[in-house]
Amino acid sequence: MANAMLIDESRCMACRGCQVACKQWNDNPAEETHNWGSYENPPELSAITWTKIKFTEKKEGDEVKWLFLKQGCMHCTEASCEAVCPTGAISHQGQYVLVDQEWCIGCGYCVAACPFDAIHSIFESEDGGEQKATARKCVFCVDRTTNDLPPACVKTCPANALGWGDRDAMLAKAKERVGVLQASGFPKANLYGEHELGGLHRLYVLVDRPSAYGLPDAPKHATSTVGAQWLSGIVTAGVVAAVPFWLLFKRQRAKEASEGGEGQ
Amino acid sequence: MLEISRRQFLKGSGVSTGALLLPPMVPGRQEVPTFALHKKVGEARTICPYCSCGCGLLIATDSTGHIINSEGDPDHPNNRGALDPKSISVRQLSTSPHRLSKVMRRAPGASEWEEMTWEEAIPLVARRIKDTRDDTFQTTDDNGVTVNRTNGIAFIGGAANNDEDCYIAVKLARALGLVYIEHQARI
Amino acid sequence: MTNQWRDLKNSDVVLVCGANPSENHPASMFHINKARDERGAKLIVVDPRFTRTASTAEIYAPLRSGTDIAFYGGLMNYVMENNLYHEEYVVNFTNASFLIDEGFQGPVDLDGYYSGFNAETQSYDKSTWAYQTNGDGNVLRDETLQDPSCVYQLLKKHYARYTIEMVESVCGMPRDKFLEVAQAFAATGAPEKTGTIMYAMGGTQHTVGTQNVRALAMVQLLLGNTGRPGGGVNALRGESNVQGSTDMAILFHIIPAYMATPNAAKHKDLAEYLEKETPSGGYWVNKPKFLVSLLKAWWGESATARNDFAFDYLPKISGGIDTYAWIAMFHAINEGTVKGLWVMGQNPAVGGPNARFEKKALEKLDWMVVQEIAPTATTDFWRAPDVDPASIQTEVFLLPAADAMEKEGTIVTSGRLIQYRPKVAEPPGQAMGDIEMMDLIYRDLAKLYEAEGGALPEAVLGLNWSHGADFEKICQEINGYWTEEVTDDDGNVVGTAGEMVANFTKLKDDGSTACGNWIYSGYWVPADDGDGNMVTASKRRGQKDPGDLGMNPYWGFSWPVNRRIIYNRCSADSKGNPWSEDKALIWWDAAEEKWTGYDVPDFSKTKGPGDAGFNDPFIMLPEGKGRIFGVRNEGPFPEHYEPLESPVTNALSSVQFNPVVKRWDVDSGQDVGDNIGTSDQFPIVCSTYRLCEHWQAGGMSVWLPWLAETQPETFVEMSPELAQEKGIANGERVIVSSARGEIEVVAMVTARFKPFAVNGKTVHQVGIPWHFSWQGLAKGGTANFLTPHVGDGNTGIPEYKAFLVDVRKAV
Amino acid sequence: MTLTWKWELVIYLWIAGIAGGAFFTAFLIDRFTGRKHEQLPKIAVFTSVPLVLLGSLLLVFDLGEQLRAWHLFTRFRVSSPMSMGSWILLLFALNGVVMIALWWSKSFEPSEAKPTVLSRVARVIRPAAAVVGILSWIEFALAVLLIAYTGVLLSATNQPMWSGILLLPALFVASAISTGMALLVLVLRTGLGRLLNHLFGGKGEPIPSETMHTMGIASIALGIIEIVVLVGYIVWLAFFSGAAGAAAVAVLLTGPMSLIFWGGVVLVGLVIPLVLEVVSARGKEAVVGSVLASASLILLGGLFLRAAVLLGGQMV
C-alpha cells in the first residue's frame, strides 16, 4: 500500500501554513528575501525550502483568478533524480523517493534532472555566500509518516486542502472532487499526477490546465531519450566530424602520394 | 547597528542549517522502513497568541525549556491540528535572539540603552509614577464633584495579553486614578 | 462574534464583507469549507480588492472602500422590495413593528440629516428618535408592519433610495455582481436557512464604522439570522485576546464587563451612578450587583456600604471619545497634559493613526514605561532613523516581558470562548510575566505611599492586592467569591467566605460577594467536562458535541455562563419550536416546561409560551427586541456618508461625511499635523490591511525569520491601469503620499485591483499592509504614516480603511 | 535563481571536451594519413590526460561532499550520464597514463652500466607495449564517449535549454572536436609539440606543413559544422520545444547570456576564427600569428559556449 498526498488547489487559500510548517518540523532556516512584486516568497524551492506556494494571476475576461500551487517533490514513480543519480544515493523506499544524506556527494545532477524543480543542493551560508551540499527536498516527513503522523504540511492546512493516505483512496477522493468542480462552474477542473511519470505521489486537484499553475502539462523523465542522446553525440563524432577528416586527410595523403611520385 | 546582517537573519531562525538527515538506506526497497522521529512532537498544550480563532497548539521543549517543536493540537475543536504560518512560528517567537531579555533604561537625551536589574528599575518606575500622579492628581472637578483622577499618566494595553494581565493592569491603573486608558480595541 | 468559529459549518451562505478570513483568521476557513463541503454553502466576498479569501469564493463583488452602508442599504432594499425577509422573526423578535415618534424625520426628508441636528455642536438632539408609548409607558406596535410610523415602514422608506443603480454608482459594484450577491444572501431569509456575516476592521475602521456594523446587524435581523446556528453578526476580532482585553476594559469609557466609567457630569456618587446606569428592564437590571461586586473585588475590606463601596476611588471622566479615546489621548500627550505613558504590549508608532504625529507626541513625554517582548518602533522611538536622540528628553524604561507561551493565563476567542494557557516554555533572560512585573511595581508604589503619603493614598493602599502575583488567586477574584458566609432565607449556607461563586446569578449588591468581571463568573469553578470529570471550566477539554452543531459545550468556557450562541432564543420560532430540524439549537420542551437543547438558553429557562416576554429574545435590551431602529450618534438607521477623505461627492445627500465626527486640526498645515487631504492633490483611495504572514504592528512577527521570509517588506498593491497611468512597473520602488506624509515601498501591480466606476468617474484604489517599520527582519515604510487622525462618530475608531493618497515612482 | 552548476562545471565541460577532441583529432589524422603522424596521438594523450585530471579535480571541487567523490566509483549506473561519464573519464585518464607509460618504456634507453629503478620498470613493462595500438583504439572510443558525454550530461535533465534536445550532444561534440584540434594546433605551432615529441624519444621533427594546412581546412569545416548544428539547436529550441524552449532561446539571444552568446560564442568562437582561417588558408604559407590567434579564439569560444549553455540553462 502506497500513500500519497492530495492537494486540492481549489481549496488552497495560500496562507502558507504548509510552507512554514515544513520549515518548522524539518528545522530548515529562513531565506533572506525581498518583495519582487508578488506575495510569493521565497521565489523558488531550495535546499532549505521544500514546499512553497506558487502564486499565479490570470485574467479571464473581466474576472481575475488567483491560482495557488503547493510546490514540492512529487515522489514520482519514475523519478528522474533517482535515474540520474551517479551514486545511487537517491532511491525509492516504497513510494518515498529519498536522498541518502550519508551517501549523496552533492553533484547537483538531480537538481537539473527534476521536472518539477523540487530538489536542490545549494545553501546560503551565514555570510550570504553560497555553498553546495547534499541534495535536499521534501521527504514526505518520512519520520512522521512512518510513525502514523501526517506530514507537517498536511496536518497544518487550515483550508483542509491537503490530504494524506492510501493513494487509491486519495485518487478516488480527488476524482470525486474534480467531478464536483466540473459540475459547479469549473469545466477545466482536472486531476494531475495519476499517470504522469508512472504516477506521482502528490495528486493535484486543479481548476485550470496544469501549465496555468506553472506545472508541466506533460512532465518528462530526464533520461527518457538518453540513448538517443548518446547516439547523437557518437554519430556527430563519427559522421559529421570524422567525415571531413577522412576526406581532407585522405586527399592530403593522395596528394602527397602523387606529389611524391612526381618528385621521384 | 540597526541593519540586520545575514548572520543575524539566519541566527534568528533559531535552527541550524542541518536539515533532517536521513540515515543510510538500502536502495529500491519496496517496504518502507520506519524512521525514528528526529525530535519530540510535544505534549504541552496551549493556545495560539495570534488571531482570535483560539487554535490549540502542541509544544515540545528541550531540557532548558526552549521550544523545539510547535504544531497544531489535533484534539482542539477549533483547528483540529491545523495552523497558519504565524501560529507555527511561535517557536521562533519564543526562541528568537531578538527578544528583549534585559531590563533597560534610556536616559533623557541618551542614544543608547543602559542595562539594569529589576531591583534597580522598579523603584525608578514606581517613583516616576508616584511623582507624576501626585503632581497631577485632581480630587474634584470645577463643580465640586469628586473625580479622584490623574490626567498626567496614560496607559495603553495590549490585546495579546492574557485576561488576567489585562485585569491586573486595569485594576492598578484605575486605582491610581488613570482615565487615559486605551488599547488595540480602539484602533 | 455572536456565534462560534465552529458554528460556521452550519451556515448556508457566508458573507464576508470587511474581513479577510483566509489571511487573518485562517482557521475559520476550516469550518467554512466544512459548510461548503457538507451543505453546499456559498462563500461570498465583498471587498475593494480581490483577496486570498476572494480567490476561493463562489462570488466576489468589488466595493469601493467606505461604501458599506450603500451596499447593505441596497441589500436591505432588495430584501424588502422582494419580500424576502423572515417575517415571523422580524415581527416577533425585532422592533420592526414598533411605532416611532411622530416628530421623527430622516435623510429622505432632511437631505441627509435626521431630525434634531445641531450644526453648532455637530450633534443630534435625539428626543424624536424614540418609540411611541401609551399612557402606561408601553410601546405602541403594529404587527402588520403597515403603519407608516412603524420601524419597518420607516426602514423601507429610508432605504428605498438605495436602488441597484445607486449601489452600482456609489460602491462601484457592477450591477450583476450586486444582484448575484443579493440573491444568494437574501435566500437565507427562508426560515430553514441561515447565513452569517463576517466582518472585521474593514467594517469598523471608518468614520461610519459603527453604522456599518449596525447596517449588517439589521440585515441579519431582517433575514432572521441572528441567534441561530450558522447565522449571527460575527466580528472577527483582530487579536488573540482583544475580546478579553475589551471585557477587562482597557478602554477609557468602561470598567470591567461593559459598565460605564463613572462620569463626573452624571454620577456624583454610587447612588446616582446606579440610578442612571441601571435600565428598567432586561438583564442589566442586575448592574448594581455587578458594580458593587467589582468594587469589593478591587478595594476589599476598604469597600464598605458606608463609603459607597469605595466608589469614589474610581476615577471619573469628564467627557467622551473626543476627550479620552485614542486620538484624543495622543493629542493630550502631544500638548503635554499626559506626562507619563505606561505601555503594555502596544506599538502606537506603527499602529496608531497618523503615526508620525503620534510618534512625535511620544517625544513630549517625561517618561515612558514599556512592557514588551521585542524591540518595536515605539520602544526605540527616540532613535528612529529620522530623529536625533539628543533632542529627546523622554526617559524610557523597557521591561522585558514573557510571551504567551512563557506565562500562565486565559484568553478569549472571537466567539467569547475562554481558554486556559499553561506556561509551556521559559522566558529569555530577565523577562517575566506582565503580572509579575506589575506586582513589583504595585508593591513599590505601596511602599512609597506608605512612607510618604501623597495624593489619595487610600485608593492605592486600600487596593485589595492580596493576590499579589498568584495567578490562581487572581482568577478566583475575576470569577468572584463570597466575602463572608451567606445564608439563604431558609438559613442554609449558600456560600462561605473565600469560596468562589458558581456564576454571576449569585452576585449581591450588599458587599457579600466580590467579582472582578461578572461575565467571566463561572470561568474558574470546576465544571463537568462531559465525561463526568470536574475540571476548572476554562481548562476543560471535553470533546462531546451534543447535536453535532459544533457547540462543544464541554470545551473551555464561553461567557456568559458557557453560552455558545448569544440571543439563542431566536433559534426557535415564536412558539418555541426549532425553525428546522438540522438547526435545532434550543427549544421549548412543553412536557418538561422548560427550555432545553444543545446550548445554554440565553433566556429565562422556564419562560414558556403565554408568559409575558416569551418572544423577547434580546434580554440585554429593555424592550427585548432586536433593534432594527437603534439609536447611534449619527441616527437610528445607517445612512451613507463618504469617508472624510473621498474622491467623490456624496450621491445620496448633500451631507458629504458623517456630520458628528470630530475634526482635529492640531498643527494642521505643518509637516506633522492633523492634515486632511483633498482629491485634487491626492486622487487615489487607499486602505491599510494585514497579511496572513504578519501580525498587527509587527512586534510578534517582523522578527521571526520564517515569517520575514514569506513577506519581507511593505508594498503597495495597485491596478495595472493605475500603474500604467503613473508609469510604474511591478516590483519597482514607489512613493505613496498623503496629507500626513509619505513612505517608500515596493509596487505590486496586480489585476486583483481594478479601478472603480463611481458615478461615471474612474476611482483608483490602492492598498498597503501596515505591519512594518524600521524595526525587524521584515521592514519597510509604515503605512500609518499616511492615515488620518479622524475617528468614527461613536467609538473613535480611526478611518484606516478609506483615505486619500497619491503614488509616484521613486527616483 | 540559484545556479547549482557554476564556473567549475563550465571549465570542466570545456576541458573535458578539449581533451577528448584533441585525442580524437590526433588519432584520426594519424590513421587517415597511414600512420604518418604517430607523434600526434602521443602529443594528444600527453596534453589531454592532465586536462582530464584537472577537469576531474574541478568536478570534485564542485561536489557538495568532496571527500565522498569515491562513491562515484562504487556504482555503474547506465541510466546516469554522470555515472557513465565518471567512468569514462577515469578510464580515459587511466588508459592514457598506461599508454604514456608504454610509449615511454619503448623509448627508454637504459644505461647498461647502472640499472636504475626506472630502467627496471621500463624493462618490465616494455613487453606490454605491443598492445599500445589496441589501447589507442580504446582511447579513441573513450574520447568519442567523453565528448558525447559532455552533451548527454546536460540533455538528460529537465532544463528547457538542455533537455531532450538531440542537437545539444551534437553541438558539444562538434565544439569539442573543434577546440580539441585547436589545442593541438596551438601545441604544435608553439613548439610545445616538439618538446613533447622529444619526451618519447622522438627527434622533434615538425609536423609537415601540408598537415598543418589541412588541419586549417578541417578547422574551417568544423567551424561550419558547428554553426550549422548551433543554428539547428537554436531553431529546435525556439520552435519545437514549447514556451519554455522559447524562453531558453530568449535567455541566449536576448537575455542574460546574450553578450556571451553573440560576443563569445558567435563572434569570438566562430566568426573571427573562420575569417582568419579562410584568409590564412588562401595563402600558401600559413601566417603563424593568425593561426595561433584563431586557435586561441576557438578555444575561448568553446569556453563561452559551455558558459552560455550551462549557466543560461539554469536561468530559464
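Each chain carries a letter (A, B, C and D) given by its place in the written order, and its residues are counted from 1.
Methods note: a contact is a pair of C-beta atoms (placed from the backbone, for glycine too) under 8 Å apart; a residue touches a chain by one contact, two chains touch by 3 or more.
Predicted model only: the values in this text are computed from it and were never measured.
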{"item": "Contacts common to subunit A and subunit C (chain labels)", "value": "B"}
{"item": "Geometric centre: closest chain by C-alpha means", "value": "B"}
{"item": "Pair of chains joined by more contacts [C-beta pairs], A-B or A-D", "value": "A-D"}
{"item": "Centroid distance [mean C-alpha coordinates] between subunit D and subunit B, Å", "value": "63"}
{"item": "Averaged-CA centre spacing for the pair subunit D and subunit C, given as whole angstrom", "value": "75"}
{"item": "Mean-CA-position distance for subunit D and subunit A (Å)", "value": "32"}
{"item": "Rounded Å distance between subunit A and subunit B, as computed from the means of their C-alpha atoms", "value": "39"}
{"item": "Of all residues in subunit C, the ones touching two or more other chains", "value": "26-27, 30, 692-693, 705-708, 710"}
{"item": "Residue numbers of subunit A (touch at least two other chains)", "value": "15-17, 19-20, 24, 29-30, 32, 88, 103, 158, 160"}
{"item": "Residues of subunit D engaged with two or more neighbouring chains", "value": "none"}
{"item": "All touching chain pairs, where touch follows the definition stated at the start", "value": "A-B, A-C, A-D, B-C"}
{"item": "Subunit C partner contacts - residues on subunit A that touch it in the complex", "value": "10-17, 19-20, 23-24, 29-39, 41-42, 57, 59, 64-66, 68, 158-160"}
{"item": "Footprint of subunit A on subunit B - complex, ascending", "value": "6-7, 9-13, 15-39, 41, 69-72, 74, 79, 81-85, 87-89, 91"}
{"item": "Subunit D residues within the subunit A interface of the complex", "value": "1-5, 24-25, 28-29, 32-34, 36, 59, 62-65, 68-69, 71-72, 74-75, 77, 79-83, 86, 144-145, 147-149, 151-159, 162-164, 166-170, 172-174, 177, 210-211, 214, 217-218, 221-222, 225, 229, 313-314"}
{"item": "Touching residues on subunit A, where the partner in the complex is subunit B", "value": "15-17, 19-21, 24-30, 32, 47-48, 88, 91-96, 98-103, 123-124, 126-128, 136, 139, 142-144, 146-147, 149-150, 152, 155-158, 160"}
{"item": "Complex contact set, residues of subunit B against subunit C", "value": "2, 4, 8-10, 12-14, 44-55, 59, 61, 64-67, 75-80, 82-86, 88-90, 92-94, 96, 98-111, 113, 117-118, 121-130, 132-137, 139, 141, 143, 145-187"}
